[in-house]
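So, here's a batch of structures to check.
Paired with chain B in one complex and with chain C in the other, chain A is shared by the two complexes that follow.
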Partner chain A sequence: MLEYFNFRVIFESYPLFMKGFLSTGWISLISLFLSLVVGTLACAGRLSKSRFFSTPAAVYIETIRSTPLLAQIYFFYFGLPSLGLRVPELQTGILALTLNSGAYMAEILRAGMQSVSTGQIEAGTSSGLNYFQRLRFIILPQAIGVTIPPLLGQAIVLVKDSALLSLISVMELTRAGQVLTSERFMPAEGFFTVAVLYLILYFMLKFLSIWWQKRLIFRQAV
Partner chain B sequence: MKKTWWILMLAVVLGLGFYGVATADTLDDIVKNGELRIVCQTQGTPFSFIDKNGKRTGYAVEVANLMGKEMGVKVTFLDYDWDGLLPALLSKKGDVLAADMTPTLARALKVSFTQPYYYTGSIIFTKKGSKFKTIGDCNKENVNVAVLLGSTGEADAKRVLPKAQQKAYKGGGPLLINAVIAGHADIGVNDDTAVVGQMAEFPPGSIEILPGQLSKLPLAFAVRSDDARLVQWINLFFDWIQNDGRQEQLLKYWVTTLDWKKDH
Partner chain C sequence: MWGYYTQQLIHSIPFFLKGLWMTIAVSLLSLIGGSLIGFFAGVGRASRARWLRRLLSVYVDSIRGTPFLVQLFILFFILPELGIQIEAFPAAVLGLTICSGAYICEIFASGIEAVPWGQREAAISTGLNRYQQLRFIILPQAMRTILPPLVGQYVLLIKDSSVVSVIGVLDVTRAGWLTVQRIPEGILVFGLVGILYFIICYPLIHLVNYLEARMTVQKFRL
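Coming up: the complex of A and B.
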C-alpha cells in the first residue's frame, strides 16, 4: 500500500502546507497570549471576595467549559451577525479560541494559586506583608512552577482546537489537508503531512515550556 | 513430516480457493449481503436532506430506494459533508455515491461515473437588495465569494471571477447561504438546483439569484473504478426509469419544481 503513497505531491504542495503551518502558528500564538491575559483576569475575578467580580467571572468560566468549542465558534461566526455584530473569520476564530482557553487557564491558575499551603500565607500575614506583597513574594513564585505543566497541556489543546477554524474557511493547517483531499483526492498524503507538522508544533511548545519552567521555578519553601 | 507437508498443501490450496471467491465484485456482494450502502450528503436539499419529519429524503435518496427495491436489497444511507463524499466512496464506506455530483475529469480519474440524470449549472446568488446585479459586478477585487470546498462552484468561481476573494466552506450548500445572509460573503456560487432547493428553507425573499449561468453541469452517481458491472447496472436502471416515466416524475417533484415542499 505504501507504494501508492505519493511523496511527489507532498513536495509539490509544500507552499500550501507552509502557509497553513505558519497560519496555525500565528493564530495559536496570539490566542495563547490573549487567553493567558483573559485567564488571569478571570482567575482574579473568581478569587475575589466581592460578588461583583466573582459572579460574572464564574458565569463566564462555567458557560465556556460546559459548551463545545465548535458550538462557540459557529455561534460567534453565524449567530452574532443575526444580532447585528459581524466579525471576519480570522478575528472570530481568535476570539473564540481566546475565550475558550481563557476559561480553562483561569481554572488552572486558580488551582495553582490554591496549591500554595496556607501555612505560607499565614506566615506572610503574620510577618506584616499586605495582599500584594504576599502575592508577589510568596504565592506567585510557588504557584507558577506548579501551573506550567497544565498550562502547556492547555496550550497544546489550543493548537489542536485551532483546527476547528478550518470549518469557517480560515486558511490553516487542517484546511491545507482538506484542500489536498478535495482537489487531488489524496486524504492519506494530505493528513499524514498535516499530522507531522502538528507534531513539530507540539515539540516546539514542549521545548518552550521546559525552558520557561527552568527559568521561573524558584526554590520551593521548605 | 510427510503428513505435515500434505496438511500444509491442503491449507494453501484452500486458501487460494477462498482468495478466488473473495474477488467477487461489489454487485455480487451487495446482492449476497442484502444491503446497498449509499454515500449521500448530510444536508444537500433537494437531493439528500433531513425533512421536517426527521426522515432522510430527497431525489437521490428516493432513486437509491428504488434501486434497492429493484435489486431486492435493503438500502442503508451514510451521510457526509460534500467534500467527504468521494473519500467515503473510495475508502469503501459505501458502494454507490448518490448526490448531485458533476462527473469532472479530475474526479473521473478516481471513480467511475454513471450516465448523467440531469443537467444543471452554476449560478451566483446574493442577499436581496444588494448592489450586485450582473456577473460583471461581481468580478472585482474586494468582493467575497462563498463557495463549497471541492465543488464545481469553487472551480467556476475561480474561472469566471478571478479578481474576487474566495471563501471555501466545508459542509453543505446551506452553509453558503448562511454566510451570504450573515454578510461574511457578498455573493455565493453553487448549483442552480441546490440553491433553489435550499433557498426554500430560508425566509422567503432573503436571497436572490443573479441572471446568467456560469457553466453547464451534468449530474451523475458514482461507484469505485473497478466496479464495472455495478456502473453498467445503474446505467441500465437509469434507462429503465427514464423510459417508464418514473425519472421524469421524480425530477419534477424534487428538482425542477418545489412540489416537495408540500410534504417535506
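Coming up: the complex of A and C.
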C-alpha cells in the first residue's frame, strides 16, 4: 500500500489540514477555559454545606459522568432548535464540550483542594483568617501546583473529544480527514495525516505536563 | 404537540431497546477482548525487557494520543483498501477492543508496579519462576490496585461505544439519531437516550466507588 501513498495530495491539502489543526486547537483552548469556570462553580456548589447548591451540582456532575459525550452533543444539537434557539454548530459544540468537561474539572478541582492538609486550614483559622482569606492565601496556592497535571490530562481529553464535533459539521481536524475521504476517496492519506497531527498535539501537552511535574518536584524539594 | 411527540416516542421504545441490546453486545465483546489484550500487554509493560516496554509504549501512546473516532475511521475506511472487507459491527468491536486494550494495559502495568518490590524479592528467593511469581504473589496483590480503575475503564468503554454509531452500528445513540429525524423533539429523544445510558453507567460508577473504599481499608490493615 505504501507505494501508492500519495504524499502529493497531503501537500496539496496542506491549507485544509492546517485550518483543521488550528480550529481543533482553538476549540480545545476555549472549551478548557470555559469549563474551568463551569467546573469551579460546580465544585463550589458540590462542597457547599447548603443542600440548595450541593444537590443541583451533584445531579449535574453525575448526569454528565454517566452519559456519553456524543449523546450530549446530539442532545444540544437537536434539542436547542426544538426550544426555538438557532445556535450555530460551532457554538453548540463548544457548549456541549464545556458542560461535559466542566463536570470532570469539578472533580479535579475538588481533589486538588482536598489535597491541602487540614493542619494548614486549622493554622489559618487559628490565626484569625476568615473563609475567603484562608482560600486565597493558604488553600489555593498549595492546591494549584497539584491540580495542573490532571488539568493538562483533561486538556488532552478535550483535544480528543473535539473530534466528535466533526459529526455535527464543525470544521476541525477530523473533518479535514473526512473531506479528504469523501471528496478525493483517499481515506488513508487523510486519516493517517490527521492521526499524526493529533499525536503532535498530544506530545506537546504531554511534555508540558512532564515539565510542570519536574518543576513541582524541585519546588517541593527546596 | 408535546403530547403527540411523547406518544410517538413511547411507540419507539422497542426500537431503543434493540439499540440498548446492541450497545451491551458491542461493549461486552470489546470489554472481554480489551481486558485480554490489556492483561498481556500490561504484564509485558511491567516486565524487565526494555524492548518490550518500548514497543508497548508505542502502542499505548498512539492509542492515547488519537481520538477514538479517528481510530475507528482508520479501521473502517482503510482496511478495505488493504483488501480486508469488514462490516460495521466487527470493525466497531475491533476498534473498541484495540482502544480499550491500551488503557487497560496502563492500568495493569501500574497495578503490578505498585506491588512492593520486597514481595518480588521474596518470591525469587523462594525459588519460584517468573510465571509462578506472577500467578501466586504479584497478581493477587496487584488486583487490589487494579480493580477500581478497571471497572472505571469499563464505564468509559460503554460511553465510547456511542461513537461507533457513526459507522452505522445500530446502538442506542444511533437509534436516537434515527428517531430524531422523525420526531423533531431533540430534548425528548436524547433525554431518553441519556436515561438509557444512565441506567447502565450510574450503578457501575457506584461500584467503582464501593470497590475503592473496600480496597483502601484492606490496604491500611496490612
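The working rule: the second predicted complex is superposed on the first by the 202 of 222 C-alpha atoms of A that agree within 3 Å, B and C clash if a C-alpha of one lies under 4 Å from a C-alpha of the other, contacts with A are read in each partner's own complex, and residues count from 1 in each chain.
Note that in this section a residue touches a chain if its C-beta (ideal position, glycine included) is under 8 Å from a C-beta of that chain, and two chains touch if they have at least 3 such contacts.
Since the structure is predicted, the reported quantities are computational estimates derived from the model, not experimental observations.
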Touched partner set for A:S82, first chain B, second chain C, both or neither: both
Chain B versus chain C, judged by how many residues of chain A each one touches: C
Partner chain in contact with A:E183 - chain B first, chain C second, else both or neither: first
Which superposed partner A:V59 touches (first chain B, second chain C, both, neither): neither
Touching partner for A:S166 - first (chain B), second (chain C), both, neither: both
Partner chain(s) touched by A:F191 [first = chain B, second = chain C, both, neither]: second
Set intersection of chain A contacts, chain C complex versus chain B complex: 77-78, 81-82, 166-167, 178, 181, 187
Contact set on chain A toward chain C in their complex: 1, 62-63, 65-72, 74-83, 156, 159-164, 166-167, 174, 177-178, 181, 187-188, 191-192, 194-195, 198-199, 201-203, 206
Complex contacts: residues of chain B adjacent to chain A: 83, 86-87, 90, 106-107, 109-110, 149-150, 167-171, 178-179, 181-184
Complex contact set, residues of chain C against chain A: 61-62, 64-71, 73-74, 77-78, 81-82, 158-163, 165-166, 172-173, 176-177, 180, 184-187, 189-191, 193-194, 197-198, 201-202, 205
Interface residues, chain A side, partner chain B - complex: 77-78, 81-82, 86, 88-89, 166-169, 178-179, 181-183, 185, 187
